[in-house]
Amino acid sequence: MPRFEPKNPDYLKVATATFDRQQAMRTLGISMLWIEAGEVELSMPFAADWTQQNGFVHAGIITAGLDTACGIAAFTLMPSGSDVLTVEFKTNLLAPAKGDRFTFRAGVIKPGRTLTVCEARAFALADGVVTLIATMTGTLMAMTRRG
Amino acid sequence: MPRFEPKNPDYLKVATATFDRQQAMRTLGISMLWIEAGEVELSMPFAADWTQQNGFVHAGIITAGLDTACGIAAFTLMPSGSDVLTVEFKTNLLAPAKGDRFTFRAGVIKPGRTLTVCEARAFALADGVVTLIATMTGTLMAMTRRG
Amino acid sequence: MPRFEPKNPDYLKVATATFDRQQAMRTLGISMLWIEAGEVELSMPFAADWTQQNGFVHAGIITAGLDTACGIAAFTLMPSGSDVLTVEFKTNLLAPAKGDRFTFRAGVIKPGRTLTVCEARAFALADGVVTLIATMTGTLMAMTRRG
Amino acid sequence: MPRFEPKNPDYLKVATATFDRQQAMRTLGISMLWIEAGEVELSMPFAADWTQQNGFVHAGIITAGLDTACGIAAFTLMPSGSDVLTVEFKTNLLAPAKGDRFTFRAGVIKPGRTLTVCEARAFALADGVVTLIATMTGTLMAMTRRG
């Protein structure tokens, strides 16, 4: 049972469609593992293309996963005809982004008519061990979709 | 004349080498425009590969440019034998990342033995107009380089 | 000459009145040094009442000064009939809040119909020396004033 | 059973003593409800002295409670002879700070030799109803205590 009551009966369809329209997610190989009202989890394989100077995944790429997870989680609770926009986010890097696969879990902590606040966590999976590597708190805005 | 006195006489060489070792920067087409003690500017062309659902560059990719700019700016002031690590950052998105080219300018506002604080700004260039699109405040840590 | 064009011709009067209605500012002894469209500077004397375990002013009290400075700076650019609300802020503590007097300078970096982003800096004054002790980036929201 | 293993066998004593040395906490009437390794909860009564222009408690005062809660939670896991210092924090204000009493709950999410990351939440209690009003993510640093 979802903790939040979505306003848009088609929330799963429109949230999934918004995710699918993000070319950056395809480029990064990020897919959606599951989605519910106010919650989403994404998954990304490791690729050397996204590494920084020590061979770990770049903090900006981890942030891309966290930000999209927050955006889609917030979007599930927005009314029909909305678009979602990131206002700001804050990320703490807790451990090196080192692993075969990464997941990004986001949840709404305060939905609102205009602004929605989400929290997200990034995990690295390496040899069957899951490590919390980063956190995000983000503010998302509902915009009326144009056209 | 630099505002800060670098501790490492080879700071330009090691900072440039650290930037060059970031595979993510090559993948994103990000290059270094200039570098000084405590300051750096990077440049990135637009590519559809990095866009979100509205065709603008994804906030995570803008964050990748801002974070690397902060990291390299901080690194220029760190002692010889250091490695640089991002502790945390906060980004405000001020306008859509819409343009032909993007620049990321970072400057140290407080260097320290362990922690260095930087501020950075991202600009979009479209049809000769420069627009401030994002800001970052970031905390970077000096680590003793292994091996 | 102000960088921003205020929408409310009475912006100085209403911004000053909003500051004056903050009982917390009176309790902390914070006064307004100057105000312009999109900019404000506040001043606070040291008091042992606000100290933490090492005798420096508590980070929350420094944050109170920074947040009010951001709020009033943002408010000067909001239309008539607005109220201002803090959405979020991020503070970096750069040096101990140690001094006889503290100032808080805020400026709008992006005004908006709904959201305004400000940056602020806190300085300590001790024996004629001014030290940057903290920075804030904050997001403020314009609300229609009730009643 | 605590989730974290404290390094200092006297952690409850020294953490409580550090809290007690904060004059700002006494001035604000903030008391400690409970403390464990890596976790703490503080409580503050409403007082008109701390209000902003709408009669709600000022965001800086709420931040003072959240920051001290994070600092004490982090401090319980630091080795003997440490002092704790706030590096930075980020606060989202989710609802007006309106109530008879406020609580601040903090927990360590990543302890470290030098840096510890905490999350905290502020709640308002009004007429028996508890409302989440603010969140904080903060970075704390262990310093060797002087003298």
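Letters are used for the chains, namely A, B, C and D, taken in the order the chains are written, and counting of residues starts over at 1 for each.
Here, a contact is a pair of C-beta atoms (placed from the backbone, for glycine too) under 8 Å apart; a residue touches a chain by one contact, two chains touch by 3 or more.
Model, not experiment: these values are computed from the prediction.
Q: What chains touch subunit C and also subunit D?
A: A, B
Q: By CA centroid distance, what chain is farthest from subunit B?
A: D
Q: Using the average of all C-alpha atoms in each chain as its centre, how far is it in Å between subunit A and subunit D?
A: The separation of the two C-alpha centroids amounts to 28 Å.
Q: Taking each chain's centre as its mean C-alpha position, how far apart are subunit B and subunit D in Å?
A: Here the centre of subunit D sits 32 Å away from the centre of subunit B.
Q: List the centre-to-centre spacing of subunit A and subunit B in whole Å, with centres computed as mean CA coordinates.
A: 23
Q: Quick check on subunit B: which residues sit in contact with 2+ other chains?
A: Within subunit B, the residues that touch at least two other chains are 87-88, 90, 92, 117, 139.
Q: In their shared complex, at which residues does subunit B touch subunit C?
A: The contact residues of subunit B facing subunit C are 90, 92, 94-95, 109-110, 117, 119, 132, 135, 137, 139.
Q: Within their complex, state which residues of subunit C touch subunit D.
A: Against subunit D, subunit C makes touches at 18-19, 21-24, 27, 48-54, 57-68, 83, 85-93.
Q: Show me the residue ranges of subunit A that touch subunit C in the complex, using the header's touch definition.
A: Residues of subunit A touching subunit C: 87-88, 90, 114-115, 117, 139, 141.
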